[in-house]
Every structure is written in structure tokens, then in C-alpha cells.
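Shared between the two complexes below is chain A, which pairs with chain B and chain C, respectively.
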Partner chain A sequence: MTTKNLLGLGTFLITVFVLVPVGISVSGRWDFYYTLTSVALLSIGAAGVWLTFYIGRINIGQGAYALIGGYVSAVLVVKADVSFWLTLPLAGLFCTTVSVLIGLPILRLRGVYFAMVTLVLTEVTRLSALALPVTNGAKGITSIPLPGELSILGLTIIPDFATMQNPKLAFYLLAAFLMVVSYAVLWRIVNSRLGHLCRSLQQNEELAASIGVNVAYLRVLAYGISSFYGGIAGAVFVAISQSIYPSSFVVTDSVNFMLYCFLGGLGYVSGPMLGTLLLYFGWNLLSVAKEYQLLVYASVMIALMLAVPNGVLSLFDRKGDRK
Partner chain B sequence: MEQILANGLYLGAQYALIALGLTLIFSLMNVLNFAHGQMYVFGGFVTYTVVAQFGLPFVVGLLLSGAILAVIGALIEKFLFRPVIRKSKREESTMLLAAGVAFFLDAVILLAFGEKQRGIPKIVDGVMNLNFRLIMPYDRIMVAVLAVAAIIGFILYMQYSKPGRAMRALAQDRVAAQLMGVDVDRYSMLGFAFGAMLAGVVGGLLVAITGVNLGMGGPTSIKAFMMIMIGGAGVISGAIAGGFILGMMESVGLSVLAAYGNITYLVIFASLLIFLAIRPQGLMGKPWG
Partner chain C sequence: MTAILHVNGITKRYGGLTAVNKVSFEVAKGEILSVIGPNGAGKSTLFKLISSFVPATEGEVLFGGERISDRAPHKVARLGVVRTFQETTIFRSMTVRDNIIVAHHLRSKASLLGFFAGSRQARADEEAFGASADDIIAFLCLDAIRDELASNLPQGHLRALGMAIGLATQPTVLLLDEPFAGMNHDETMKMVANVRRLRDERGVTVLLVEHDMPAVMKISDRIVVINFGEKIAEGTPAEIQSNPRVIEAYLGSEDAAIGM
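Here is the complex of A and B:
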């Protein structure tokens, strides 16, 4: 890491953890916390999608894993009385298990075929949530308790959310923390041997296989990590809204996850984060346009695509090709 | 049983027509047209406006739906997809564009036609009744016949006309077609317009039976994706097969599985996943599209 990178990272961390809370408490726009928390969580899901893009697969199924993760957490908290903090990794792991089982056959597909299957998968998950008894059907699971206390050996690490004066801030910090950790992990993966292997898959799978890369294992691994991210994002979302329905994550959400990646730029680790911020925040800001909101939003999206078809971040590397 | 089969054929004819448009666009441009369902709804609303508001005959509405959608399709290809395909590093970028177009069309439909369910009065009255074994309203039969006629017309056009031959050549091998003197830009535009036109025509047909509403766009796109996955993307025969198979499965499922609640689509999706695991390229598709 160069000094410039470190500086950039430092600025980013200070902005996320200090400047944003200070700015919000000064301006009094408490509603921004919810928006920014959503941005942070959605960008975790988008990070997962980005990883599948990195192995050359178009993933429009992240909504499915967000829904599964959300339901795992909700069911465990409500029916089995498990602490939320334990359900968070469990939700991720459950999603990984599901994704490995589904991924083994469908990751053999490529291009639009894979994209379409994952899109269908989102719909299957929604219908399963409607049909399965444990999910309580269309009524969903409601009044889920807020996350409780997390303590190790009597030492309180995270206090009970229900007793907090400002759970919004706490949720924001939790989401931001998770986001930073996910992107750090993602950055580490991309810049490791595993990342190089993944890039070889993106460029030419047959060639990679012929050199001796274990293609099948790698793509299932990447897909599993991707789904883990989706599950975590879904679980925290459920904790915030304290409810989950089969329609909490639908096809539109899956498509949005993909769009965030595209807009930010597929060649850059921080691409999905920026894309999520632009699209989600932009959508909320556009609510002033009332009935023209969707029209303006779609027009801006199309215009952005025409102007920067390789993602917004590609504006910054005109001179040297970083990838 | 006859009733189920007849319903399946009726659904299948419409579905096949939707899938044909989608697969045509896909095979020519390698674009997965997310906006296909929206185009279909748009076509429905055009027919509704022409027939219910201006009081013109249904046929005029149908033709206008096709014509307006063809123009929209051509413009979208020329001013949106072509520049993006040229500039973008990865061809998947067109998916974002297609999704953007889908949102845009949704917004236009919302502003222009509102969010209410719209339908037009019955075109043909009466019900065909064969000994109560098979009951089918005449207007449904008419729609099915029109859809089949459109499918046959489409196949003949692709098979025997010069533009049809050019488009088939483009779908097979873009570079080779260009070397043989096919005007790639022109026929890509024509193909996109043609695909959009088919979507518009189906929308126009359906408005006469069940009506259309704003929310139908997305689910229709998903169904169309399923059809071309069953049949194989980019293959005309595959789209037709996929459409009829899905129509049949839906019809059979709705009657057989009705006792177990609303799980028809769950079963269809699950069997599709298993089918694709065994045969990834669909029934008639080329491996890896």
C-alpha cells in the first residue's frame, strides 16, 4: 500500500465513522441515518455480486440470499430465542451452504444463462418463503426483538439495542463497520493468489483449466463467499426493520444489486460501494420530483451509462490502466 | 383434460410470441432485453387507448401497437444500445442499459396511462361449448389463432425474405455476415424493432382478454426469460417450444396442483433448475449461446 492509498483509506474511515455522524447531528437530518445504513448494507450485498462478476458470472440472484439470510436470522431469533449476534454468522453460513448446493450445478452455465437462472432463483426463493410453514407465509415474521447485548466473559462489547437512546446511530455504526470489514476482506481476496486465479476465470475459463486451475472449486468458492455477504446484509436489514416478508427482497432488489456493481465499475473493488451510494441516495433525493421520480432516475441512469459505460470509477483512470 | 390442453395451447401461443421477440433481440445483439415485459405492457396500453378511447376497430389498435413499438425499439437500438456496445469494455454493460430502459418505460407508462388495470370490451361474443368437455370463449380462440398466425408469419419472414436471411446470418456469425456485405447496423436496428413489435402485438392481443396493468412488465420479462431458457437462447424454434411448454406446464400445474395451494410456479422453477443442470443450453440452444 502506498502512502496515497493509506491517506485515502484514512479519509474514508474518518468520513464514515466521524464526519457523517457529526454532520447528521449538526444538521438534524436523522432520516439520513436510515438511508446511509441501507446504503452500507446494500453495498455489502453488492460486494458479493461484484465477486461473482470477478469470476465472469452475471449474478442477479443476490436478493434470494438476502431473503434467505433474513429469514434464517428472524426464525432463529423469534422461534429459537438465539442471540442476534450469533444468528448473523449463522445466516451467512446457511446462505453459503445453500449457494454451494445450488451453485454446483448452475455455475456450469455462463453468460446470460447464468444470469437468467439466478434471476429465476430470486423468484423461487420468494415463492418458497410463501409456501414453507416455518416462514409464516405471506404474513411474514413481525415484531422481531432488537439485537440484545453482546458480551464475552461478562465484558459488554455491544450494549442492548433496546436500551439505547439512539438505536439509529448504533445501527448505522454496525452497518458501516460490517461494510468496512467486508470490503477489506474483498480487497484482500482480490489482491491475493485467489484473486489472480479468479481473474483467470474471468478471462478464459478453458485456458485456466488447462493450466491446472481448479475451476469448479474456485467458482463455487467465490459464489459461496458472495452469498455469505448477501446473507449478512439480509440479516441486518431484518434486525433494523424488525420484520420480514416474502416480498422483502424481490427481483427488483436482485437487479438493483447488479446495477450498483455496473454503475460503480466492475474493475474496481470500491465500485459497488460507490454505485450503491449514487443509485440509492440518488433515488431518495429524487423523491422531490414526485411522480417524475422514476422517469428522472431512469433517464439519469441511461445517461450515465451512455457517458461512462465502464462505470463511474473508470473516469479516474484515463491515463494508466490499473486493471 | 381437453380443457387443460386447450388452455395450455392458448397460453402457449401468446408466450411463444413474446419469447420470439426476446430471442430475436438476443441472437442479433447479444442483449438480454430486460425491458421486454415493459414493451409488452406498453403495446397493451396503446391498443387500449386506440380502441377504448378513440373508438377505432381492434385491428387498427393492434397494428398501431406493433408500429409504435417498432419505432420505439428502433430508436432505443440506434441511440442507446449501439453507442454503449461500441464503447463498453464488457458486453454485460448492456444489461444495465436494458434495466434502465425498463425503468424508463415503466415511468412513461405510469405517467401516460396511469396505474389502473385497463381492458377493452369483448371483441367477439359467445362461448364455444363442446358437450361441456371443452369450453372456450370465442375471443380467446381468436387471440390464439391470431398469435399462431403471427408466429407463422414471423417464421416465413425470417426464412424467405431478404432481411430475414440477413438477420439469420447476423445471428449465426456477425463478422462473416459483415464480410458478405450485410449492413450490420441496419439489420440490428431492424431486428430490435421487430422484436419490440412482437412484444407490442402480444400486449395488444392480451388487452382484449384480461387487460393490462403497470405491474405486469417485470413478471412477464421473467416468464419470457424462462421460456428462452427452456428452449435455448437465440434459437427461433427453441423460443416457440419454450413458450408452448411453459404455457402447457402452467395450465396443467394450475389444475393438478391446485389442491396443494399456490405452488405451480415453485414446481415449474424447481424443475427448470434441475433441467438446466442436466442440459444447460436448453432444448435446442447452441452451447454457451
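Here is the complex of A and C:
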């Protein structure tokens, strides 16, 4: 990393963990916590989608994994009395397992075919949540307790959320922390040989196979990591809203995850994060347009994609280099 | 001669069309063997069968006595049988050097997790790949374009890059599908010399498909001729040039005559 990158990273971390909380407490705009927490969690899901784009697959199914992750956490917390902190990685791992089983056959598909199947996956997941007994159908799972205490060897790492004065701040810090870790992992993947191999898949799978790359394995690996991100995001969302329904994540959410990536830029690790922030706030700002909100939103999106096809970040990157 | 590759009665049918029909031949270690034949004769399909990119309908390919048909192509590459493509096939949005570096994948000793964590082995691997890539760049005289984006290269250089990618895997047998296509006379002669050096200096066994007859006659130890999916002749360049069946096959097509 160059000094410039380090400075940027430092500024980013200070903004997220110090300036934002201070700014909110000074201005008294507590509602911003919910907005920014959502942005952080959505950007984790988007980071996963971005990784599937990175191996050359259009993924419109991240909503499915957010829903699955959410249910895994909710069911374990409510029915088996498992600590939320344990359900968090379990939700991710469960999603990875599901995605490996589904991915083995469907990742052979390319382009629009893969995209269609992932889109259908979101709907199938919603219908399954409606039908399965364990998910409690349309009534969903409600009154989920807040995350309890996380302690290791008697040492309290995170106090019980129910006893906190300001659980909103705690959720924000949790989401921001997970987001930073997720993007650090993604950055490392992209800048290691793993990323190099992913790019080779994206550009030419046949050639990659001819130089000995296990194409099927690498595709499933990337998709598995992607779905882990989706599951984690879903699990935290459910902990915040303390409830989950089959309609908690739907096709629109899957499409949005993809749009976040497009808007931010597929060539940049931080693209999905910026895309999520812009789109989430952009959508809310457009509420002034009332019944024309969707129309204006769609027009702006189309204009943006035509004007900056490589994402907003490409505007700052005249050389076209990869970060 | 010790044969390193045995092709035994290999057949490929696409629906009603038999692209390759019961073709058998052997390749000796360190040999340069060309496969020639008119357009659509089945040469590329034969190469795809040998490298296991398409499954054979019948027959098999043995490499070092081991059956390699029906294995995944990346496993066959791992064993040392590597193909290049007739269509220019490179990683378009990578530089020439990055193309060659990524092609070193087979030789990494570190695991993917090791690369992720930046282990000592991973760093040693990266260093070795870089050095080896520079070596290949020098070997194929690509120094002038090493940092050029592959999508910007002219046809002649793309062919050379395709070969460089194949070389980076350190193959035992390298299958080159029309390596001189789109090259002018000088470029072709340079590449002919490179393929020779590949065999002489690195001991690579080379199979190649080519339409450029002067180049084929110059470079090959032996030639296999395919017409309508069937092998119609096999022998040294001199034998092939005087073989009546070969002459007939070439006169019967619009292809250039086989003479010099």
C-alpha cells in the first residue's frame, strides 16, 4: 500500500468510527444511525455480488442469501436459544453451503442464463419461507430478542444489547465493523493471486482451463464467499428489526444489490460501498418527487449508466487502472 | 523411438457429422509433429480431443501410458499436455506480462489460502513467476510489448503471446493450433525458429496444426494428414509431399497446393 492509500484508509476509518457518531450526537439526528447501518449492511451484501461479477457472472440472487441468513439466525436464536453472536457465522456458513450445492450446477451457465436463474432463486427462497414449517410461514418470526452479551473466558467483549442505553449506536458500530472487515477481505482477495485467477475466469474460462485453472472450483469458491456476505448482512438486519418475514428480502433487493455494484464500478473494490451509499441516499432524497420517485430514479440510473458505464469511481481514475 | 503420446482410434461425432474418424498415431518424445489437412478436416477437433476439451465419442488418448481422455481439461494441463487456441485466445484486459504470470498457476506451490494470507511460500512463488515470465518474454522476444495491454496487440504478437501463455505452464507436450496464422513471412520464420528452440533447448514435444506449407515442411519431423476426419497419410515431409493421396486431397480442395 502506498502512503496515499494509507492516508485514505485512515480518513475513512476515522470518518466511520469517530466523525459520524460525534456528528450524529451533536446534531441530534439519531435517525441517521438507522440509515447508515442499513447502508453498511447492504454494502456487505453488495460486496458479495461484486465478487461474483469479478468472475464474470451477473448475480441477481443476493436477496435469497440475505433471507436465508436472516432465517438461520432467527430460528437459532428463537427456537434453539443460541447466542446471536454464534448464529452470525453460522448464518454465513449455512448460506455458503447452500450456494455451493446450488452453484455447482448453475455456475456452468453464463451471461443472462445465470442471471435469470439467480433471479428465480430469490423468488424460490421467498416461497420456501412461506411454505416451510420452521420459518412460520407468512406470520414470520417476531419478537426476536436483541443480541445478548458476547464474552470470551468471562471477559465481556460486547455487552448485552438489551441493557444498552443506545443500541442504535451499537448496531451502527457492529455493521460498520463487519463492513470494514468484509471489504478488507475482498481487497486482499482481489490483490492476491486469487484475484488474478478470478480475472482470468472473467476474461476467458476456456483459456483459464487450458493453463490448468480448476475453473469449476474457483467459481464455486467465489460464489460461496459471495453468499457468506449475503447471509451475514441478512442476519444483522434481522437482529436490528427483531423480526423476519418471507418478504423481508425480495427480488427488488436482489436487483438493488446488483445496481449498487454497477453504479459504484465493477473495476473497484470500494465500488459497491460507494454505490450503496449513493443509491440509498439518492432514493431517499428523491422522495420529494412523490409519485414520480421511481420514474426519476430509473431515468437517473439509465443516464448514469450511459454516462459512466464503468461506475462512478472511474471518474476519479482517468488512467483506467485498477485499484 | 519412445512414444510419449498415443492416439488410439479417436472419433468425434457431432450429431450426424463425424468430425474426426478413428484417427490413430503416436508422437515421440521431443518430436515436432504437424497435423495438416484442408479446412474443416477436423484438425482443431483432434487437438481438442487430445487436450480433453471435448469428450471423445470413441477411442482414447494415452499420455506416458496413462489414459487422459475423459479427464477435466485443467487436469490434463496439469499432467503436461497443454493446448493453444486457433482463435486468438488471451486475457484481453491484462498486460502481456500479467498474461504470462497468471499462466504460471500450475506451478504454484502455495495454496490459495497461502496467497490470500501472503505466506512466505506465496511470496516466493510470485517472485519465481515474475522471473520466469521475464525469461519467457526474452525467449520469444516480446520485450518491447511486455507492459502493453493484450487487447491492443496486432495479430502476429497475439499469436506469440498465446504461445508464451502455453509455455508458462511448462508443458511436456504443447499443442499449437495455427501458430503462424496472420503472420508475415519474416514473423513466421522467427516463430519457426522459436518453436525449434523450444524443442531443442527445453525438450518440449510439439504438435502443431498449420496451413502455411513452407513453414510446415521446414519445421516438422513428421506430418500427419487428415481429410474429412480421417487420417490419409503419415510420414516425413519428403514422403508427404510425394504421396498421391495427399496431392489429390489438396488438389480437390480450394486450398493452396502442397508443393513449395
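Following the convention adopted for this analysis, the second predicted complex is superposed on the first by the 320 of 323 C-alpha atoms of A that agree within 3 Å, B and C clash if a C-alpha of one lies under 4 Å from a C-alpha of the other, contacts with A are read in each partner's own complex, and residues count from 1 in each chain.
Going forward, a residue touches a chain if its C-beta (ideal position, glycine included) is under 8 Å from a C-beta of that chain, and two chains touch if they have at least 3 such contacts.
Keep in mind it's a predicted model, so treat the numbers as computed, not measured.
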item	value
Partners on chain A (chain B, chain C) - clash or fit	fit
Partner chain in contact with A:Gln203 - chain B first, chain C second, else both or neither	second
First (chain B), second (chain C), both or neither touched by A:Ile189	second
Which partner, chain B or chain C, touches more chain A residues	B
Chain B versus chain C as contact partner of A:Ile211, first or second or both or neither	second
Partner chain in contact with A:Arg108 - chain B first, chain C second, else both or neither	first
Contacts of A:Val251 with chain B and chain C, given as first, second, both or neither	first
Gap in Å between nearest CA atoms once chain C and chain B share a frame through chain A	11
Of all residues in chain A, those that touch chain C in their complex	188-189, 192-194, 196-197, 199-200, 203-204, 206-207, 209-216, 221
Chain A partner contacts - residues on chain B that touch it in the complex	26, 30, 32, 34, 80, 83-84, 87-90, 92-93, 95-97, 99-101, 103-104, 106-108, 110-111, 218, 222, 225-226, 228-229, 233, 261-263, 265-266, 269-270, 272-273, 276-277, 280-281, 288-289
Residues on chain A engaged by chain B in the complex (per definition of touch)	53, 58, 102, 105-106, 108-113, 115-117, 119-121, 123-124, 127-128, 130-131, 251-252, 255, 258-259, 262-263, 266-267, 291-292, 294-295, 297-299, 301-302, 305-306, 309-310
Partner chain A, residues of chain C touching it in the complex	51, 53, 72-74, 77-78, 82-85, 89-94, 98, 101-103, 105-106, 108, 112, 115-116, 118, 122, 125-126, 165-166, 168-169
